[in-house]
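One chain, subunit A, links the two complexes that follow: it is found with subunit B in the first and with subunit C in the second.
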Partner chain A sequence: MQSDSIKRAIPWMLSLAVLALLPVTGLLRGSFLSHVLVMILLNASMAQAWNIIGGYAGQVSFGHSVFFGIGAYGAAYAVTNLKMTPYPGALAGAVLAAVLAVIIGYPTFKLKGHYFAIATFAIVEVFHRLFMIWEDVGGAVGLDYPILKDGWRNFSWSRSKVGYFYGALILFGIIFSLVRALEKARFGYYLKAIREGQETAESLGVDARRYKLAAMALSAAMAAMCGAFFAQYNYRVDPSMVLSLDMSMRFVLITILGGIGTLWGPLLGAAILIPLQEYTRAYLAKLGPGVDLVIFGLIIILVMQFQPKGIMGMIDAARKRRRKLAAAGNEHEGGRQ
Partner chain B sequence: MQRKLMLVVMAVLLVLGAGAQEKIIKIGTLFPLTGPVATAGQRCTAAVETIVDIINGVYPNLDLPIAKKAGLLDGYKIVLVKADHQGKPDVAKSEAERLYEQEKVFAIIGCYNSAATKPASAVAERLQKIFMCGASSSAALTEREFKYFFRLAPTDRIESYEFVEWFQELNKSRNANIRTAAVIYENTEFGKHAADEAKAASAKAGIKIIADVPFTPGATNLNSEIQKLKAANADALFGAVLGADYSLMVRTMKQANWKPKIAINYCSGYQDPNIAQQLGQDGWYFMGSAGYTPEFGMRFMKAVAPVEEYFKKKVNVPFDSNSIQEAVAMYVLALAIEKAGSLDTEKVAEVLRTTTFDSPLSMGGKVQFEIPGGQNIKAQSVISQIQNGKYITVYPYEYKDGDAIFPMPGW
Partner chain C sequence: MSEFLQIRNVTMKFGELLADKDVSFDVPKGMICGLIGPNGAGKTTLFNCIAGYYAPTAGEIFFEGKRISGLPPYRIARLGIARTFQVVRPLKEMSVLDNIMVGAFLHHASAAEARKAAERCLDLCFLEEYRNKPAGDLTIGNKKRLEVARALATNPKLLLLDECVAGLTSTEVHDMVQVIKRLRDEGITILMVEHIMEAIMPIADKIVVLSHGEKIAEGSPSVVVHDPMVITAYLGEKFARKLAEQKAAAGEGGAL
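== the complex of A and B ==
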């Protein structure tokens, strides 16, 4: 049994090792490509964090930018106001986000379906307003990083993206490994059961509220870690950058595009959406204002129209088609004999 | 024999061709080309483009040194690489990195929104590359003591003191009795700083702030904000309200049937000629700072009008205070490159730090950057009022086109 799980982990570990070797190949020399790769890893991690509660537990939250923002503010506050390294701030942000997720989740999980989603919308607005007037964290102006010495101590690299790439890869590795483990764990099965039918799951003895709260806390802590990375990467945080519905939509959109409730969906979604967004903005903006956004929007509409289950849905459909064809081929061969 | 000769000729041509590399200087423009202040960003880009056209071509009719020959140094043409930051600081930061590192631009001009200028110029400072800032007015930008950051526009601090000086002058000469003030501002880097400066300057002059009204930019409704202002009914109103929000503010004031004695605005929707046109008579009698108005230009900045003709062909409106500052940013950068005689960033930056430039496109005619910080200490602005659809300079008196209409007539 144990050797089975080790066997299953080998391709995953190998993939991470291959990714870790990317900087050695010189592929990251072009700064924009490395920026895009860092963004893919960060956004995949964000989407995966959301996937725990939104995909596996089936509770569609539009409030994840709040947890993301708390993580971002945690790291930025430690660096700018407390003159510390960002790590204690990021950790405190993650813990605070998990506690807040439980406080928010406790009353809102009584709501079902769309009502839960609407409540989380409102929470973003509340926190956005709160941070706008909270002068200790810079209010509307936010927190700006001073120019720091490059390196892991400050988690800051100004002349190369290799450090950020490894930082994002570690984050990605932790969050994806966690969800990989969750998929095969009892906790994961409970979440899926709740998603498929809360009443049925409860009738079988699953304490739905407890598991949903645990999933929300885990998801929020992971989102906060992503937020801390985002602040370090941009050397700045302000309420509109992180505590916005735009940011919340990013969590949801990437997961839905890639395939909600699947392990690889968030990565596929980010791998398609982020380069599309970055390259259309960078290279098509010159065609005229907004042309990039029009093309970007059209591609999303087309994908969702063609396969509402996202890219993973497309892959599954293609696999099924291939299996069907193979089966039909075998039958045909059998008929001839 | 003939074949051999052909081959030799071709080889020589190839060698010559390889030697004759295209002489170009890439300059990045980074403005909000989409989003709530897209039209302002597009005008700023067009302003830089206008100066680049003049640099690259020969325009004997223009009274600018860069117009007399084609290109800079010994025939270098400028190529603009345009980028859009969508009004978002994180996008501004990543686009600045792309422009410097991927597109290899020599310098960036931008970013209009102070909140976007801050992270983008921090990228420049880390990479030790030049960043020219035309219009962003937050005083905090030049308080960071950066070495590669150069800002043309006056700061909101300079403007605040000028506004308050104007109130005091009205109190003295017109018995205006301006004793209280209110501030309305978008809750952003720009708005917050402008409001803080307004409060500080008012406090020094003994003018009491009785209403402090922030709002979220891109608002769809300003009713409660205007009702707060109406309830306080201050003598003067400071506004730091950009783009479409400015139109909404004016129209909501009309609905609420409220006007203070004087309403004065920072670099904002007030300065936008398109918005002034859309507002029609509703926008009249409001005042604001102005680094340029066509009326002022005709009298005191005669070199601008022929340049403005080329600008108008691109965007159909004359320069406004913001777009002209971006044009000056490109112009001064070109002068610095010429004076440095090289494309060495350090040499050009040193020229920018140590030279007082003649700038016929600037109010006051000169540009000089304070070190450290990079603020143009020769930056000037006047106070204008929209009267009969025109921006009329009312203060300082040596520049005035007409008398201020005070107090503002009711709706």
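== the complex of A and C ==
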């Protein structure tokens, strides 16, 4: 068993290593390409954070921009107002986000139906308003970073994006490794069981509410870490940048497109949508704002028409077809002998 | 011995509807106990009270001396009572083995151990060949055995089977009866709600009969089937009278 799990980890470790070597190859010299890669890794991490509660546990949240925002403000507040490094701020943001997640989840997970989704919807608006009028965190103007020395201490790089690339890769590595481990563990099995049938799960000894709360807290904390990265990357944060339904939908849509409740879905979704978004923004901007969102929507409608399980679902279906063909071929040969 | 499962004066009301009225009986350890009765007799409701899905309106249920009525289902499962559902509830997107593993995780923290335990239940319930199939794709007979396998994986002391042979073909019924016998041999006490007399009579050690929410008979299968109240409940008053007359006539004529 031990050697099995090591064997299973090899492709994953290799892909991380390949990604880590990308900057050395010089491929990332163009700053736009590095920007796109950073955004893919960040958005894949965000989608994966959402996937824990939305995909594995099957509880759709529209409130992840709030957790993201809390992380972003945590890091920014530590840097701008407290003159600290962003790390304690990011950590505090993650803890606060987890606490908030439990506060929202506790009453709504008791109820059946869509109450949880509705409650998460509502908090986005509440927090947007709250941060707009909260003077201590800059109100509508938000927080602007001062000029800082480049490097890991400040998590800030002004000359090249390679530092951010590694930062995003670490974030991606942590969140994906976490979900990868979770998928094969009791926790992951229980979340899936709750999604597939809460009463069944409870009949098997699963305290469904506790597991949903734990998943929600973990998901929110991870979303907050992504938010902290986002603030560092943009060197500023304001309420509309992070605390919006648009931002919340990003978590949901990338995961749905890639394949909800699957390990690689979030990465696939981000790898398709983010370049598209960044390139349409760069080259089709004259068509007016929001062109990228129109294309975003069209792709999702198209994919969902064919395969509600997203791109991972398409890949699985193709694999199954091939296996069936192979099996049919074998039988045929067997018949002739 | 009768300390195992005790049902004491359980009444369950839904608004004005009285589903179970003052039901009391014991299930001794190691037995197969059948709970039978016509449609709407309150069998499944009583099951749901034992498994924690309903808190009885009045009365109490004790398991190994501990009061369990009113506890949530997951706590009851942890005490060693597992159940199956009358309308099967496979975790559709998960494979058959994964379904059973969810049950096995109750007493095995590591995935490797849970898999080992789940594989045993897979074999015990004749499901080996479907191991990696999505549970949603199984036939009804296999889904019913999956219900049993999954419940079994929680390593229960008491297994509640809710109409586990209803809707099955005769081969499937035969398979299921084999499975139930195997479980009894493993030392698991079984309380089964059943509609199909042919399935339950040959294997049950004890039968409890409910009708209109009340217990009307309790005893060994051979005693219960000859109970006039049971015959009335199942076949109607008119038929029961006719049967009694016939029997009386046959008794007079054919007595040795």
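Basically, the second predicted complex is superposed on the first by the 320 of 337 C-alpha atoms of A that agree within 3 Å, B and C clash if a C-alpha of one lies under 4 Å from a C-alpha of the other, contacts with A are read in each partner's own complex, and residues count from 1 in each chain.
We take it that contacts are C-beta pairs under 8 Å (C-beta built on N, C-alpha and C of every residue); 3 or more make two chains touch, one makes a residue touch a chain.
Only a predicted model underlies this, so the values are computations on that prediction, with no experimental measurement involved.
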item	value
Fit or clash - subunit C, subunit B, common subunit A	fit
Larger contact residue set on subunit A - subunit B or subunit C	B
Partner chain in contact with A:E196 - subunit B first, subunit C second, else both or neither	second
Angular separation of subunit B and subunit C about subunit A, which is computed from CA centres of the superposed model and rounded to the nearest 10 °	140
Subunit B versus subunit C as contact partner of A:S177, first or second or both or neither	neither
Which of subunit B and subunit C A:R281 touches, first, second, both or neither	first
First, second, both or neither for A:M241, with subunit B first and subunit C second	first
First, second, both or neither for A:T85, with subunit B first and subunit C second	neither
Nearest Cα pair across subunit B and subunit C, whole Å	39
Sites on subunit A touched by subunit B in the complex	30-32, 35, 132-133, 139-142, 144-145, 147, 158-159, 230, 234-236, 238, 240-241, 278, 281-282, 285-286, 289-290, 292-293
Interfacial residue positions of subunit A with respect to subunit C in the complex	1, 184-186, 189-190, 192-193, 196-197, 199-208, 261
Subunit C residues touching subunit A - in the complex, by the definition given at the top	51, 53, 72-74, 77-78, 82-83, 85, 89, 91-94, 98, 101-103, 105-106, 109, 111-112, 114, 150-151, 153-154
Residues of subunit B that touch subunit A when the two form their complex	33-34, 38, 42, 82-84, 86, 88-91, 93-95, 97-98, 101-102, 115, 118-119, 122-123, 125-127, 140, 187-189, 191-193, 214, 216
